[in-house]
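Reading through the structure tokens given below for one structure.
Per-chain numbering from 1; labels A, B, C and D assigned in written order.
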Amino acid sequence: MNPTSLALIATLIAAGSLAYYVLRQRRYVLDVRRYPVFAALAEEVGRSAEGGTLLHVALGRGDITGQDAITSMTAFLGLSGLLNMAAAYDTPPIITTGNPTLYLLADDMMRRSYARIGNVKRYRPTLVQYVAASPITYAAVSATQLYKAEGGSNIVLGVFDQEVSLLLDAGERHGVASLGGAVSPQAVAAMYPALSSDVLAIGEDFFSGSAAQMESPIYRASLWTQELLRWVLIAAMVLAGLGALVGLGGG
Amino acid sequence: MIRCPKCGALNQDSSRFCNSCGAPLQRTQIRCPVCKTLNPAGNVFCDKCHTRLIPADAMLPRQTESQPSPEPGESVRQISLPVRSDLGKTGPLTGFPDWLEGLTDETPLPPTESEPAANDFQAEPVELPDWLLGILPQETASSGEEASQLPDWLGGLAAPESEVTPSAPAEEGPLPNWLSGLAAPESEVTPSAPAEEGPLPDWLSGLAAPESEVTPSAPAEEGPLPDWLSGLAAPEPEAAPSAPAEEGPLPDWLGGLAAPESEVTPSAPAEEGPLPDWLSGIVTPSGAASAGTAAFIPEAPLPTGPAQAPPAEEAGGGAFAETPGAVPDWLLSLAPQDLPSEPTQGAFLIPEEETEEAEVPDLTPLPEPRKPTTDELARANVPEWLRSLRPEGSFGEATGVGDKGTVFVGAADLEATLGELEGELARAEIPEWLQELRPTGAPRPEGMTLEQFISQATETEGGPLSGMKGLLQPEAMVDIPPDYTPVVRYELPAAVLERARLWQTLLEQPRSAQRKMARRRVRPGMGEQLARWLVALVLLVVGIWPLLGYPVPVNVPLRNPSGLQGFVNTLEGLQPGARVLVAVEYGPAEAPEMAFMTEPLLTHLAARGAAVDWVSTLPEGVGLINNLRKDPAWDAGWQTPGYLPGATTGIASYVSLHQEYDVLIVLAARSDHLRWWIEQNTVGPRWPVLVGVSNAVGSLMIPYLEIENLKGVLIGVQDGTRYLAQRSGGSLAQYPMQRRQLNALVGLQWVTMVLLVGGMLWTLMTRKKGTG
Amino acid sequence: MKLLKRWGVTFFGILTAVLILLGILMPVTPLKEIRLILLQWAMVIAIFAFFLAFLHLIRVNLARLKQFKKYGVPGLLTVFSALLTLILVFIQGPQGTYSQLLLNAVLIPGEAALMGLTAVTLLLAGIRIARVRPAHEVILFTGVAALMLVGMIPILPVLGTLASWVQKVPAMAGLRGLVLGVALGTLLAGLRFLFGFDRPQSEE
Amino acid sequence: MPVSLDLVAGILGTVFTVLLLSYLFGDTVLYRWTLAILVGVGAGYALALALRYLVYTWILPMLDAQTGLELRLYYAIPIILGALLLFKGFPRLSPAGNLSMAILLGSGVAVAFSGALLGTIIPQVDATGSGLSLRAGVGQVFNGVLVLLGTIIALLGFSPRPEPQVGQARLWQVWLQRFSRYLLIIGLAVAFAGALTSSLMMLVSSLAFLLEKLFSILAIGL
């Protein structure tokens, strides 16, 4: 069977099971593990407002017209609490992005947080910045934001590669606490030795954590579907293995 | 969560209709006085505008010395207010009197994943008093307890069948009129008519509303906690405007009965025999009516503005919008029949608000109901649970004994009866906060102007307004009947409400204790700075040493990488003029590392005479392509380089439009760019693919590099130099700089390994545990 | 009108996604062309986004001139170099002499040097790993990393074989689990967008 | 490039490399100025190429007289949508660009969704399965089985269910969770080594470039 029809079947299964769990959301109460990093994001606004320190959010270089659109959207889902709280406190973070379309989405999200509480006049567009065209320059310039920002917070959430270690090292250097998450193996490999497990979301936890912290039935249904598709995937791998063992499969 | 009485589906607290069967959900409410929103009984704050619904001081049940703690078994009921164990948490409300314990819909869902409790009232099996069985939701009644009929004494009080058609089929029979006001106003249920039979008990006689003017509001369909009880759960919020009931404060649980602040001027206190404190506020005004008349009919003139019909969703019984100024219906139905048919001036005014969606109210005049005589009211037997609430001396003398041993007392000789019943009746404990609301000053005599009355009035002691004269005593409003809608002069803009909600969530947000707060890292000390410089210095020295041509301990052997052979064989298989698409997916930063493999590749392609098209999704990639094509020998028949903006989008559209290539070569130093090309190729033309990647991408791309149409892989400097060596006769003699760079890289790798392992052991030993 | 304002934009976003997805999953004639057209339009709109972001970059750096002492010079340098490069490269194209000069003299050495810095920052993070991770994880991580470092360009063949096995079996399993997990999360987040549960595009 | 420009490029490149590598020893002012120039040149260069593509591939053909109405419409719609997106630059008029953002997001989600399915899930499942094919020999089958089991365990480790704690969950669940974590750590360590090697190579090539230019400037042969 060619991949395209396999993909069509997989899409129908995924969409069908999500619809089922959304409709039956009351029966399926899913206990979800703790994702401390997402719970702590909104608190960073409180801490930066109380301490008058810098709150820097690095969103990476995920292009929203391409492969990284969904990762960047999920980063905003995880940051929704933080953005609302920042609008309420009127202590917005400095948001840096390394992609033009991602910059526009970040600008929208921050402006809407202000507009939602009728405070759009207080919104300052210069705090959401498009910083550089290439990934490594983006990381280096974002790191300069942490200069003399002792006691501040540095949230790294989005599409990165190994250049994220420049950002984390700058945080270490200037006494700034870092937390965040990433999906690409290169970025996770660079963040794993620098951040402890309760301030880092790795791979799928990046998606599950941002959905779990929304605490609404629809996102619980989405987590249920994710759990179901995990077992479908495992069954498919086992079948593919058995098929290859008996000489049916490719390879 | 609210359990639908009809189909049993669980619904959100704020739902007004059941999600699965559409039946109106029964909820008892606390109405927010600011934004009129109806909140579930247990709410501490209003859902919509976050006004506090439960006065702060009333939250903590006070156990003062003066009130002896009730001995076990003592039947004295302490009316104290339910307290949420921790502000903001939606933990179970505590502090209910026992008889109410099982009724709150706050009972938490059991933690296990099993089917949530069939009914909010039944997290664990609770022994409910009989009299409440009849009015609990269907589930409770059917789940284990036998469905018992309404107690007789309530039977008589149910709204007469004829006037109101019950919307939901009231299986256990229509509720008593005095409870009918308790029905959830949300549902568009037309109130069921109060049952005819059975006279009112004396103690309620004063409350009976004349049936003629007001048809009772929506009947209390079986549903969770009835309003007048919820009043015990959540007395009127502080912010609520204090009702200016001068004839002394209504007790909280009856507060709802008081006329809204604007329309009511207190009537004179009752002259007849001393009524019990908790009832004294509601005894008939002097002159307005004889004993037993609805006690709270004020004398204030009707408000001049146009009558405002209650909006549809708060009209509750919507179908029967109250005539402006009529006494709240559940009480009017209890009043003795000799009231004048026309609502007196200044009667309890319920403005009617026009709303488009509201059902057209049926304003046909109701038939003249028969008013229970004073004796009938007196003979109404008092149920067990009410008798225990009866403070001393609150009932008249017994005129008979009902079949269940209930003592009928007349209103007139209450004091005497109490003397006899002293032994049986336990003194009702009136809570501290209720005592404060006890009327202190004498009401304004007739004919006296307000100024004169104020000048004589005593000063207010205590509270923010202490020292001021003639202040109206705060009157607690427990709940306003569903069809009552205060005229809110100032409509709060949504933005202000949203901001208030945000502030509230901020204040309520418990500090997340589980997360170890990221320790504020102090700026690293001199030690760390030295370590940084040392590491940098070591790397620079070890890197520069071989580059300067100095001897190195080991000359790196060039091994044959597994992917190189496939790479070379595929290119060797190309016919002259074969179409090759080369994607340059690395930036200026990675150019030096990729140069190790691009140079031998270009010479190989030129040697095969292939027609090469160059593309890149990176702007700088186009510039790098020009760097690569500096040598005219490599430039035979190649297309001008194509820039594909829009990352994957650009690749997808290019691949779909150009199907004619024989081989796709991807030179990538970014894992996502390589993945895009492999994915779009798999989706599209599925050309044979050759991949050249940097070391960083190579270690990650293993999972991707085992796909079907992948013919050859070159990873990093080591495979590149090997390919270069193979293209130049097997040794790197012609490329000295590349050989030195390779030696420098290997040297750096070994030094880095030593630093990593040494640093790790050192840190493990000193074990400074810090958070990230 | 209110309905259109609230759901109009969301509807268009979902319609675009569904059409492109159908064009990939059911590559039949009309859907394939529609997909291509929409992808190319998105590419062109992205260029306008780049132009807007560039203007914002200039504006931010000009705004920094107010605090001249701290940010003045870097702000000026960024604005000047950006406008000069834009004009030169737009006129001459990538093959132009000045374009080549800027690429070879500024971009390649500059970004290569910055990437070189990541070698030191990664190494320092590796050394400090024991401060944030438990001991058994630290030993496993550092051991495997050290083995790979010396096994990638092996001087001792046995190290090369062991490194190759570690890379092809346990590391493959771990990375594949990571990548498949990310793909699952991407699927569900995409479905939430297609169902209209997540609406980053609308004003709500 | 004429020889003199080569020399200029060499000198500029050397200065840039030295100033940027100075960050190793301190966050100096010169480092920031150099970084500022790098940012400006990078952004200008990328935008210039993108605008050239837009002008030569879209705007000029749209304005061309011979272009048919249908093709002209095909060219004009994205340009109008792009122009609408420019309103995003003014907070008050920003909603005017929402339609264009919706199309960008919609296309991104579709591409990412299909990429996840067709580029990651299906090939990976196929590759995991085909690792067990006997054609590659018994040794490979043993490795294939290990990779299959390891991938399943690693995938289960990312489940959103609460982590099994010792004493609360069965022992095999605790060990399954722990083993999936170890597999992930091995994978990350391999990726870390790859990234570090790549960075080391960049450092070596920077140093090589530096030395080469220094010596050529000082006319001293290496």
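In this section, contacts are C-beta pairs under 8 Å (C-beta built on N, C-alpha and C of every residue); 3 or more make two chains touch, one makes a residue touch a chain.
Keep in mind that what you see is a predicted model, and the values were worked out from it rather than measured.
**Student:** My parser should flag the chain pair with the most contacts; which pair should that be?
**Tutor:** Max contact pairs: C-D.
**Student:** Could you name the chain whose Cα mean is nearest to the mean of all protein Cα atoms here?
**Tutor:** Closest to the centre of all protein C-alpha atoms: chain A.
**Student:** Between chain A and chain B, what is the gap in Å from one C-alpha centre to the other?
**Tutor:** 24
**Student:** Could you tell me the distance, in whole angstrom, between the mean C-alpha positions of chain C and chain D?
**Tutor:** 4
**Student:** Rounded to the nearest whole Å, what is the centre-to-centre distance of chain A and chain D, using the mean of the C-alpha atoms as each centre?
**Tutor:** Spacing between the chain centres: roughly 16 Å.
**Student:** On a C-alpha centroid basis, what's the spacing between chain A and chain C, in Å?
**Tutor:** Chain centroid spacing, chain A to chain C, equals 13 Å.
**Student:** Going by the contact rule already set, what residues in chain B reach two or more other chains?
**Tutor:** In chain B, the residues touching two or more other chains are 532, 536, 539, 587-590, 592, 619-620, 622-623, 643, 645-646, 648-649, 652, 675-676, 679, 682-683, 695-697, 699-700, 703, 708, 716-717, 745, 748-749, 752, 771-772.
**Student:** When you check chain A against every other chain, which residues touch at least two of them?
**Tutor:** In chain A, the residues touching two or more other chains are 3-4, 7, 11, 30-31, 34, 63, 65-68, 70-71, 73, 101, 104-105, 108, 125, 131, 133-134, 136-137, 140, 161-162, 172-173, 185-186, 188, 190, 192-196, 202-204, 208, 223, 226, 230, 233, 250-251.
**Student:** By the touch rule stated above, which residues of chain D touch at least two different other chains?
**Tutor:** Answer for chain D, listing residues that touch two or more other chains: 24, 32, 35, 38-39, 42-43, 45-50, 52-53, 85, 88, 98, 101, 104-105, 107-109, 111-118, 120-124, 126-128, 130-131, 151-152, 155, 158, 184-185, 187-200, 202-203, 205-207, 209.
**Student:** Under the definition above, what is the set of chain A residues touching chain D in their complex?
**Tutor:** 3-4, 6-7, 10-11, 30-34, 63-71, 73, 101, 104-105, 107-108, 111, 120, 123, 125, 131-134, 137, 140-141, 144, 147, 161-162, 173, 185-186, 188-190, 192-193, 202-205, 208, 212, 223, 226-227, 230, 233-234, 236-245, 247, 249-251
**Student:** With touch defined as at the start, can you tell me which chain A residues reach chain C in the complex?
**Tutor:** 4, 7-8, 11, 14-15, 18-19, 22, 63, 65, 70-71, 73-74, 76-77, 100-101, 103-105, 108-109, 112, 115, 125-126, 129-131, 134, 136-137, 139-140, 162-163, 165-166, 168-169, 172, 183, 185, 188, 190, 192-197, 202-204, 206-208, 211, 218-219, 222-223, 225-226, 229-230, 233
**Student:** Of all residues in chain A, which touch chain B in the complex?
**Tutor:** Those in contact with chain B are residues 3-4, 26-27, 29-31, 34, 36, 39-40, 42-43, 46, 63, 65-68, 84-85, 87-89, 116-119, 133-136, 150-151, 153, 159, 161-162, 172-179, 184-186, 194-196, 198-200, 250-251.
**Student:** Enumerate the contact residues on chain C facing chain D in the complex.
**Tutor:** 8-10, 12-21, 24-25, 37-42, 44-52, 54-57, 73-75, 77-90, 93-94, 97, 99-120, 122-123, 126, 137, 140-145, 148-149, 152, 165-184, 186-187, 190-191, 193-194, 200-203
**Student:** Could you pull out which chain D residues touch chain B in their complex?
**Tutor:** 24-25, 42, 45-50, 52-53, 107-108, 111-112, 114-115, 118-120, 122-124, 126-127, 130-131, 190-191, 193-209, 211-212, 222
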